[in-house]
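Below, chain A partners chain B and then partners chain C, in two separate complexes.
Up next, the complex of A and B:
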């Protein structure tokens, strides 16, 4: 065996096939890591199921839900909060991915990714796609269990919700990636839980319809309207019933682009936060 | 595949396996006659806020040479490596890898570069083979070719029998050997190693140093080896002495020693850095 070190005579650039190989490799690696962390899969499922089985059952009689689009009949509270719980799975998955990026950076393994010769925007996008793919596994596992709890959207809804899940997964994943570029150490991540995940989740339409929020607090209503997570929930809610919410689609798509650009810039060695802190890819 | 001479199993003998076919595959002269430097650093300075880490660094390294970057902790070695690997953007000056600017054409530069970082960067939950396959994918190498190269690379570092084991189960020396194998999987002509022997015992250190020297002699790989351990420098090695962000000397170790009027590298380093009267600092 010899080392053919003649790579400096290779044609410049990378083929589409090489990009595809790289994407597949990153998705495969994230899947393997996810499968190795069985407790992560269990906790990703337990969290929304606790909300569905316990919280929703308890509040069924307290929180009435009128007929609002996309529903055409009165629905049980469990049915109403299901899209919110789906988005919650993706929100937590996005933050879990960003947590693992902070961990990778601390342990130095992030450098393996960042010294790849393929463009950094592509590497980060691939990581984002991998995270979204994992969230899809979690969501469909949740929907399968929820079906036994009489959460039965139309069969076609399981298909039409897929593009919405991909888009919302990308949005929440890129938000997580952006957050990971700002968080210096693992220890600081508890703050992310308190100041980002919980406010995003509760100040949204995940647990209660916005008309009810407006009745009690107009200010909170406007905050909910400004929250991108609200629109991810509504996009999923409509898609689950084979309907399109154009406003939610537009906002989620726009937020995805903005967060993604922000995350890519944040990890750019010339412009990013990490470059200014001298910590791109791991401690120097 | 080349016939291999297995020497790894004998006690006290390097676990790396020699491959006959590597000898004279690419001559040092052939590579050096190509003209371009393997690594060219020109006027590079870098600072973190007000703290200056590198000050107007300029040097060039020829292909197929072994160069030691010698400096104490905090000398700026890791910052320099982060600039060469494009983890940081160059603030001043330029860095070229085989004539490709790391800042402007990072892809072309990085595909010619293999890196072993100071901290372990293996994915401990993945197997040895999976770690190599992941690295191959990051360089756009297809799975069939990746399996082939990984098999050869593992044979070379005597880890074939561990290919299905999780990286976490390897010893420190084996992890380092795996990282070197991984860094060479895409067959780069330039290999950077940042303090690769930290935390290893004497035998493992000697094995890795010997293996990397062979990569230079037999395969024509250019190696930049960062260390703060003077006993890793041979008198025939090229040496770059970095101290507080400044390059104090560059040349054949024997010449640096002679120029300093010293008897060995340790004394030369002490004189260059003005620490001659100090007893600590350089192991």
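Up next, the complex of A and C:
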């Protein structure tokens, strides 16, 4: 087992070029893996599109959406849930990237990665960047299809949403990474789906405006407010209309840092959860 | 660098173009008994004028100096000075005035008296009644032909468009339309008259020469019950190429091709959209949304709703100044 070689987390000074080679290698591998898994790309697109075409059409008349910032006009339900569906793409992608880490660990390819002499935090960050880059591909493909469904944010919005997507992608990716460090086996991942993805998605402003949630249940409203996913959705929603939501930006940035530090600590063989679990390598 | 200069120039010229189109819009708030004054340069309410009870019909005099507001529960039409924004007088409109229209010169005002089945003609300058015309039950919509010779009044309960000769003040023809006609609007070339029917859910296109319905525009919005589609306000562009129809509780404005009369689009606006008005350059169309207490701004060329402005309670009518 190689995970216990702690010296690798204090590298003897590498050049920026070497870091770049490592980053490119990891991003390239993830991209190839994603592009070769056609089903994954298809399912990443079909999932939000099903919500958009079917769910939103059904609820269009039931949930008349009033005007709340950043919208300046009345919007149809489809338009309202689009930022939520974008965040959903990133949420699933973040979890799926971490799922691939569990898979890597089981098959042993993670060992190859972790024996790299570069620092552990850099390897994890590269992995995170790779995952976020993939989520951007998915989001823009979704937005392109949604455009034909008359979801037409201002042109500049496609550009201004990019930094928001990068930040929310990093937050959800690092959360996934943190979670993956706790999951011993692939089979346990279904539990993550049920206990993390669904509650996060439904207890947020992705599908309904929070003022409406507050009307029916103040408690649920507070839960939604505490949910970092809500703030990722709002950050994306505002950015898509070329506006900034400073509160959402602050919360998402802070959560990204916390989750990232958590993930790095968790994957640090000396202190991590895995060390505490008394397990060092793959389950295989 | 050059590119930047060009971009800056373009940005500045756009900014100035916006300044040039600084019209003022006036919205009558039926529930609040006020008129909201909107600066169209930045789409914001800049003043609220207290008026009489139940203000509905609203129009500017042709010289733009006065705003006329029909205050139904006070049985009069109030005259507001647009410079000082104060009420400077009233017109003897007869009981319960709702909608009105002016002759092309802006000398006479034709007012529908909903409760008395009358159209009252008032001389604006003299502030005195000139004539009364007996029409059908619950008169409402008032449309003036571009040459000023024919006034069309619609009566809500009789379901008719009455053609009134403005010289003799006699009804010269009646055209049966669908249930509860609300609004009458001529094309600027006088070739067509459009009459909306709230309960019937249609807009009848009438040939003003033959005085018969030549076409009925119908509306269908997927997922909406037919009963919630209630056409009210109608506006047609000066070139006659496009018509806009407020569909009441359907919360949408229909965009209709002026030549083929086919519905091209439905624009989502606020709740219970009632009356419409263009800015004089026809760049924007304003809609009053009675239930959501706001006004939507439609970019006419783009066919998109671009802004919503909060006004007073139950906005009903809207008029836009010429400068």
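Criterion: the second predicted complex is superposed on the first by the 266 of 284 C-alpha atoms of A that agree within 3 Å, B and C clash if a C-alpha of one lies under 4 Å from a C-alpha of the other, contacts with A are read in each partner's own complex, and residues count from 1 in each chain.
Following the convention adopted for this analysis, a contact is a pair of C-beta atoms (placed from the backbone, for glycine too) under 8 Å apart; a residue touches a chain by one contact, two chains touch by 3 or more.
Source: prediction; values computed, not measured.
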If touched residues of chain A are counted for chain B and for chain C, the larger one: B
First, second, both or neither for A:67, with chain B first and chain C second: second
Contacts of A:75 with chain B and chain C, given as first, second, both or neither: second
Chain B versus chain C as contact partner of A:25, first or second or both or neither: first
On chain A, the residue positions that both chain B and chain C contact, one per complex: none
Footprint of chain A on chain C - complex, ascending: 223-224, 251, 268-271, 292, 294, 296, 305-308
Residues on chain A engaged by chain C in the complex (per definition of touch): 57, 60-61, 64, 66-67, 72-76
Chain B residues touching chain A - in the complex, by the definition given at the top: 1-2, 4, 19, 21-22, 25-26, 48, 78-79, 82, 85-89, 98, 103, 106-113, 115, 117-123, 125-126, 130, 133-143, 152, 155-156, 184, 186-189, 215, 219-221
Touching residues on chain A, where the partner in the complex is chain B: 1-8, 10, 12-15, 17-19, 21-22, 24-26, 28-29, 32-33, 36-37, 107-109, 111-119, 123, 268-270, 275, 277-278, 280-284
